[in-house]
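In the two complexes below, chain A is the common chain; its partner is chain B in one and chain C in the other.
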Partner chain A sequence: MSFSKTIMLRNYDGETFVVDEVVAVEPQTIEHMIEDGCANTSIPLPNITSKILSKVIEHCKKHVETPNSNEKDAKADLKSFDFDFVKADQGTLFDLILAVNYLNIKGLLDLIYQTIADMIKGKTPEEEEEMRRVNAWVFSCFVGVTCLYFKSKKI
Partner chain B sequence: MKTNINQYLKSIKPTSDDDTNDQTSLSLSSTDLASHDDVLTEILLRLPIRSLLRSKCVSKHWKLLISDSHFALARNPNPNPPSGLFLQRFGNLSCPEYEFVCFDRDKIVKPPFKRLNYDGHLSNLSNSSSSKNSTHSGVIVLQSCNGLMLCYSLNEYFCNVTKDIEYNASYYVYNPTINQVVKLPNLHGCDWIRRRPRGMTLVFDPVKSGCYKVVCVRAHLWSDHVYTIEVYSSETGKWRMFGTPCGNQVDTEFMGGVYWNGAVHWVNKKGYVLYLKIDEDRVDRVATPVVHDGWNVKKHCYPIVESNDCLLFIDIFPASSLKLDIHEMNRDYSGWSVKYHVDLNRVMSRFPETDVIIRALRSLMSAQPFVIHCFVEGEGEDEAFLVLEIPGKAVRYNIFSKTYQELCDLDVSKPSRLSVADDGFSKLGRWPGAFLFFESLSNV
Partner chain C sequence: MKHKAKLRFEDSLPSEIIFNILSRMPVKSLARFRSVSKLWCDYIDDPYLKIIHDQQYPEEPTIIFPVPPYPSIRFYATELMKRDARVLEAKTIPFLEVNSKQGLFLHRHFILGSCNGLVYLSQSYGSLRPEDLSVVNPVRKEYYELPPADHLFDQKHFELHGLGFDDSTNAFKMVVLSPSVRAMVHVFGTRSWRVIPLNPITTRLDRFNTDNKAVFACGCLHWLIGDGKIIRLDMRTEEFGLIDLPKTQRHVSVRYKMVPDRLVDLHGEVGYVYCRFVGSLEVWVLKEREWAIHCRFYNKPPLTVSAIVTVLGSWNKDGDILMKAATSVVGPQLFVYSPKSDLLKEVELITKPVDFDFADAFIYPSSLLSIHGIKAYSIKETEVSKSVFLI
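Take a look at the complex of A and B:
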């Protein structure tokens, strides 16, 4: 009988996710942590929310479970999963980017980058305003978070 | 947008533990800052060129990211094979037209330009009539190097002092991908140096540096045997005299310099290749694999080309034959080795219809019914090909698979008569002829 080793991931909200090791090592960051022996109790991921982490785990699981064959069906199935996966609102997508960037999951990163590039591609000059607002969002997030920090420090 | 921020802030709402709170907020803000440019760059790298150029207008930050030379190199990493070819056509001698041939016939690509004119910036005159530009000549392409092009426009004038027409030309470095041009400063005027250069060569290696150089060779007024070499650097923005004047190069054809391995190479009729090592400031020579008597750049092909970081010598057997050998130079200049044997008989036999056109154009075409415009070596071993012009068509001949594909139809009403050499080769990117197009975001 073989039993797969499981890894505990603890995120920002304090929630714990138990995943199979084979799924947990998809993110390179976690793989390195395990190699360095930091995974004895649980791996802390303080900057990722439950919602995002569960989405990421779902993606890793799907890709690990799908056999790495050249079968048309398997490939098509994976492709449609990916297609539905990125059908999220902009907010979720950007949260995903930061999380996946930190976790360093190459396949998922490529998918999200390409999705956002496709959103920008083909925009007319009238839609440049939208792009500026999208860009402004990232800055305002930084501003928002910094305000939060100062607020917590009661400055 | 506001909803998004609220959602985001809610999701990172601080817990009751104050200490965890501080650390968390700190790490979040530093993550944002550190990863922002990385993330943005990765997204921008995946955009097609047109969207990328439009994205430059979004903000100063985006413009800075996209204009960076590292971004340009990441977008088109080495090796960057050419994606098409410009063929020079002489409808109007002073303002030639350029026909664009895409190497991938399945791709529908808009030609970067058809005609060029300079009015402070280079404009694409695909639709204008020639009468508009009767006052001054258009811009003519001299050479193409890794994405940048060297062009010039003639502005000769009658001098009352010498009672002669004085040669005067402006030179430009142009990037057709991003439609950016810079006019080079005038060459130093000198009483004992001829005004008309013997040859100008653009030197650009995006892997080494985002800066480019232009090498200009001019003869002395009283002796065709003595030459001076001047080098322009985009880093300094100035021309500087190179070393001491060199002599005994009357048989070297400076019109078709080829840049490879840090040096500019020119062919000498006597059977050797002269090369100038740019950074080492020295000139040296190496023998060619074959010597043909009576070689003349205006009549015969320019035999050296650079492709995929190799220097190649293209040797066409007796001009009437359809066979050619391609030799490759060793990196240390110790000698040449034969790389390919090419037999074009098979291709030509597939185009019997060209016989009719050949007879009609007999006075204009050379002895051979085709012109070889360029040789490109791709990244993979089986990606080497020649682009031929068979009257009315551009054909790609793949050397390894010995197959051919028709790329597009060409306009035969404006023949490139001057670009056809006796042995069927065009000037391979020199005056006049065919110029390779590389996609590149490099600034000029």
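Take a look at the complex of A and C:
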């Protein structure tokens, strides 16, 4: 009986995650590392925490395991999984986006980008000010006069 | 391990992430977000965003209405409440009010065309002088006047006109054309007009063509001429060319038709609208120098056979078409025809301004280019009101 090949991922917490190769190659970064032969012992991912890495692996697993059929059930199931997946708090989303960007997982990247875009667009100036206050991390640590806020106050 | 400390929330995201997120937002939102902070403004004004934005976001067209009372015209923007339900809400305050230079507006068809989110209009009807034209940037609420051109020529009126964009120099160009006589161009950012050499092609321009509106698509301005051809002016090279019309089933000379053929802007492609007879409609679209039929229908309810249909433009990127039609029972209404589902549905407009008429509706695709600010001979701010933040 042969085992499917597994890959070890080691993050900066020092924790090691063992995943099936087919799941591990979802992130293109890891796929390239394996192709280049860097994966003999374990693949280091020094800038990703355990919490985020386990979430990412969970997503990759789900997408790999779901059969690539056009069945409505499978698609709907995947969709609801994705929907719940991005219902994380702001901090997690922030870390996720950096991790997924580094790992280069196309599908997940699109999902997160779209989620954040949907969160931001179409807000009124008041809502936007509120949102920006809460999510100061989203775009900048650049403290500036909120022209938007003052403009709407002025006229 | 070097990076023991956790990532701080205040650290900025890499720019590729920010660009990717911004590229998924509609132009309206981006126009608003420019005011948030200098950093946001720099990202949104970056030319790279324009490149990726075009590919990502299916741009929704904007619909505006001009409304009298004479002697001034007010332009109202509309906002789409629910795209699926085709419900438009007109803003209560106009974004622009134009006073007639002659003291009175004698007609209603002011808006002549659009290009990359800019709209241009005329102060007079029929033959125009260059100073009758003005260009409006609805998203920035700016109004550009064009320089006078009296010294350049003896004949003062032009039958044809168009606003185009030269992407090799990133400049808007306004073109005016008098068949066989003169063609002139004004490049935005300069202070004058310049003559464009005509060639024999332009002698075929037919004065009987009642609809002189140009369509800007694929880097060229297109005009429909009377004998079944389209004249094309390349914005980069400023050279004229000729395109044949599609082979429709029976081509009737434009002079004898009840409903004239028209060109329309179908989201950056040239559309040719052909009504063989009243109640029928064929829309062709020009793709890579070849014509393809986009949709056709005949006697489609709720339109009656006698309805005169005018295609206004593209409703969305699925290929749905916005048109206005007047039936014998009611005045002009707006409809959306969807080729995929073969359904024709009415557009509802709530909060209509007073004296409003569907007949004047103008639809145009908005563009990120118009947000970035345009160099022009003269820039004026239009009226900005509290409740109308941005179109």
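The working rule: the second predicted complex is superposed on the first by the 128 of 155 C-alpha atoms of A that agree within 3 Å, B and C clash if a C-alpha of one lies under 4 Å from a C-alpha of the other, contacts with A are read in each partner's own complex, and residues count from 1 in each chain.
The definition used in the following text is that contacts are C-beta pairs under 8 Å (C-beta built on N, C-alpha and C of every residue); 3 or more make two chains touch, one makes a residue touch a chain.
Note that the structure is predicted; figures quoted are calculated from it, not measured.
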First, second, both or neither for A:37, with chain B first and chain C second: neither
Contacts of A:120 with chain B and chain C, given as first, second, both or neither: both
Chain B versus chain C as contact partner of A:98, first or second or both or neither: both
Chain B versus chain C as contact partner of A:14, first or second or both or neither: both
First, second, both or neither for A:47, with chain B first and chain C second: both
Overlap of the chain B and chain C footprints on chain A, listed as residue numbers: 12, 14, 46-47, 49, 91, 94-95, 97-98, 101, 109, 113-114, 116-117, 120-123, 125, 128, 132, 136-138, 140-142, 144, 146, 148, 152
Of chain C, residues touching chain A in the complex: 1-3, 6-7, 9-14, 16-18, 20-22, 24-26, 29, 32-33, 35-40, 43, 384-386, 389
Residue ranges of chain B in contact with chain A within the complex: 1, 3-5, 7-9, 11-12, 14-15, 18, 20-29, 31-33, 35-36, 38-40, 42-44, 46-48, 51, 54-55, 57-59, 61-62
Contact set on chain A toward chain C in their complex: 12, 14, 46-47, 49, 91, 94-95, 97-98, 101, 109, 113-114, 116-117, 120-123, 125, 128, 132, 136-142, 144, 146-148, 151-152, 155
Contacting residues of chain A [partner chain B, same complex]: 12-14, 46-47, 49, 51, 89-91, 94-95, 97-98, 101-102, 109, 113-114, 116-117, 120-123, 125, 128, 131-133, 135-138, 140-142, 144-146, 148-149, 152-153
